[in-house]
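Same chain, two partners: chain A is paired with chain B first, then with chain C.
What follows is the complex of A and B.
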């Protein structure tokens, strides 16, 4: 097991990187680099989502096929509060995470009784059910018409690409910090035990369901935040885009290519793949999924420890 | 009124069953959940559509031509999954087949665009009456072909040596190999046969469903629902489960709201997993 000093270095490195990157909008003004900031926004969101998926799927070994559900819940929490109560999305952003946590508690009651592939499929089913409920409850959610989210100012500052970049950068950084803190806490050992062999974990007195629930709630919180940010950035949410299955598969593909169960796997995967994926996407829609998907098949089959595993082997 | 709803539900249920049969056989033998299954159905639909558009071959006949291609696809995917150690097989194959599924659907979109397509047969609009229910000829033919294929497959599994080897491998691979069954070859063939069934089902249902690249994900969830409902690995269970799902969907879309039609499959799926994980037949039947 890695020691505490190593983790301290991780935290320090993360903070330095965040602070250095925070100066980027000063060097490259948002007006001139609109496309760049769109890509950087996507990159940060994917790091956030992949880290969220990794905490549940990598650390605790519970593969979720339902992250699109949490993203959708977060997006709709913001959109509905904005639409019905006229609140600025920026003031209520944390609520998107909280809404997804509440949704995850309900989903957890059902899905956490199941294991392995059945857990994965039940989260997929529950995400779809949530989407269909949102679609069907027209009086409250406007159904397939969708809801417009106007962004407004953030405490008097205009919401430009650079501002979005800074906000998503620090939220993604916060998710990574959470992942580091989990890794160095004793919870990591509980998660590992549950991931490796749930029966054995229960036999030594670990309340496996409780730890699976913790991982699910932390994961859902960050996925919900991602949903709220996406809805605000796009300025619009409808059931199709809010609960898009792509939000489930993208983090899975990126995390596995980067290195499942490691802290920086999702980051490395995202930084290496997303820029190429986004360039391909501008050629034709969904081409980025083709690219990620092919890499996923190759990595899952031949290099299950991902890019991080490759690097580790190199430098040992 | 109620009779006509049930009849229509049963007709669609037969086709659902055919999709699920392939999935359940693959699960029974290999213990893997094949997320690619719906996309094999999608490929079956497109191949039937293209053969009908270009050469005027009826979608009820074209599976004879396309079946070998699906066998090859099945063998190729099996070759990708085969070397995964048994302990990781369940989860790794789930994720890898999900990847293959997305790659296939995206490729289909690049090649054939996202347009909705339909197979227009000369008798597409014609109907006949039975118990006061109007039934379209395509729906009737598709269901009839599905039932015939399921029955034929049932006899294949119970009466032929190959079928019995597949069942033996599903029950206990070690004992089966002691009795001279080549478990590796059987697993590979099972995967191929499962995908052929999916491809044939796609062709058969192409006259009554819209065809588009991401259509597979609709079928894959329904097929999983049927598989857990009928019991993993059971052919008769898949037939009964398919009919039950078809009728429940038809009833839900009439008496509740139309949007409930899609929720019902998920609700059945979750309730079976939670309350009766062995399926309605109690998990005893293995055929």
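What follows is the complex of A and C.
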């Protein structure tokens, strides 16, 4: 309530980092560093997804196991519009976020009446149901066959690795900015109150369902965007890859390791884990998940506030 | 000012409270006493919209509240202080108090209310910047009552304010409640500590198995033979 202003340095730091990083494609041309840009794309997407998960799970305390559902909705929104209406995915990218928001509203009506683990499980179930609908509705979605998304040009510019890097960088930056703005606003306290004790929050007059819905919708928007970007980058989406459980699990791991409920926890977690994960992934598929899982157990046991929590304790 | 008529409620098909009828008069302390599991806390949850299956009527200053969502109660001036002093643990004491002022936005009245709370609980002023989760149980109880006062309620519903507290602390909490009542605050007190409850309240009701079995002046109830035997341990 009185911390307005002290986050100014967070916003400034974020903008400086975004601008500096924007010069990277000039220094390292996309043609020579294809693999690097693939990893950087993954990194940005994971920061975006983890920040999305963190707004709902960390700020508002509503643990979601259904983020893969929002990612899939975003991915399919772009793919279907591209397939049926021949629209360039780049022009309609925001629609991926909007589609996930609409999906989240429907899921919210059902899931937000439930609390704690019941909420988490219902999001998991509803994400799975969405996937099954997409799989079964063959005339519209081509079912398990999937849809090809042509990447095309972005307003005349060829979509190289560097371009993908820039776009995802700024979208992830936008998500982080949203997180900072929430943190410094009164809403942070309302989210926190609902997270800590929903009954007590209602007793002081907070409409807890409304604030949980806000957090869910903001979170779903960014998860949907991530889905649209992934589908366009891969150039293909099918139910298996679009609604991949990894998109739920990874953000949870990374947010907890980085520091749940903090602004830059997801960034630190992603920068630390994604490169190691990528190295392991080349050993055998999904090896990185094994590594994340072990790390999660260690952190949950010894460092529940993540790396950011550790740093805060050190430098206080 | 607060009228409850034919209230029936519970969880699922299980009826925990049956046919509850009572009034709270402006300016009084009414205590609800009864053994463990009698339905006291459930009744309080019912009175604040937290119980899903509810039938009957709850009127406050003429307005029907039965069926209204829990967060609505604060806006009409009813504060619910829940059992086991539930504070927002990661927020500071000051932030907790400000959360109480959620429905009030006028800066001036917030400052004035803070002063009122500090007058009642000077200890909270000393701990203003401390994390609420690190307070002692008694301090947390003071904080939840302080938080309730921040919304300038007309009626405070208190659930077992003495639960888990040392006798000395219980006394200071009860002194504060008395002071509040003298200033005109209406209080509904749910309490297992029968002696304390009867001491402080003007009227009392005894609940057993979800039903009101006895209702009257606290003094009369204190002198009631059964109450004496069963609850106060005196022959």
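Of note:
Keep this in mind: the second predicted complex is superposed on the first by the 313 of 316 C-alpha atoms of A that agree within 3 Å, B and C clash if a C-alpha of one lies under 4 Å from a C-alpha of the other, contacts with A are read in each partner's own complex, and residues count from 1 in each chain.
Heads up, the rule we're going with is that contacts are C-beta pairs under 8 Å (C-beta built on N, C-alpha and C of every residue); 3 or more make two chains touch, one makes a residue touch a chain.
Only a predicted model underlies this, so the values are computations on that prediction, with no experimental measurement involved.
Following the overlay on chain A, a side-by-side fit with no clash is recorded for the pair chain B and chain C.
Rounded to the nearest 10, the angle at the Cα centre of chain A between the centres of chain B and chain C is 70 degrees. By the document's definition of touching, of the two partners only chain C reaches A:193; chain B does not. Touching more residues of chain A than its counterpart among chain B and chain C is B. Of the two partner chains, chain C is the only one that A:203 touches; chain B does not reach it.
Looking at the shared chain after the overlay, A:13 reaches neither chain B nor chain C. Minimum Cα separation between chain B and chain C in the superposed model: 7 Å. The residues of chain A lying in touch with chain B in their complex are 63, 65, 110, 113-114, 116-118, 120-122, 124-126, 128-129, 132-133, 135-136, 245, 249, 252-253, 256, 284-287, 289-290, 293-294, 296-297, 300-301, 304. Contact residues on chain A toward chain C in their complex (touch as defined above): 1, 189-190, 192-193, 196-197, 199-209.
By the touch criterion stated above, chain C contacts chain A in their complex at residues 48-50, 69-71, 73-75, 79-82, 86-91, 95, 98-100, 102-103, 144, 147-148, 151. Contacts from chain B toward chain A in the complex involve residues 33, 80, 83-84, 88, 90-92, 94-96, 98-100, 102-103, 106-107, 109-110, 217, 221, 224, 257, 259-260, 262-263, 266-267, 269-270, 273-274, 277.
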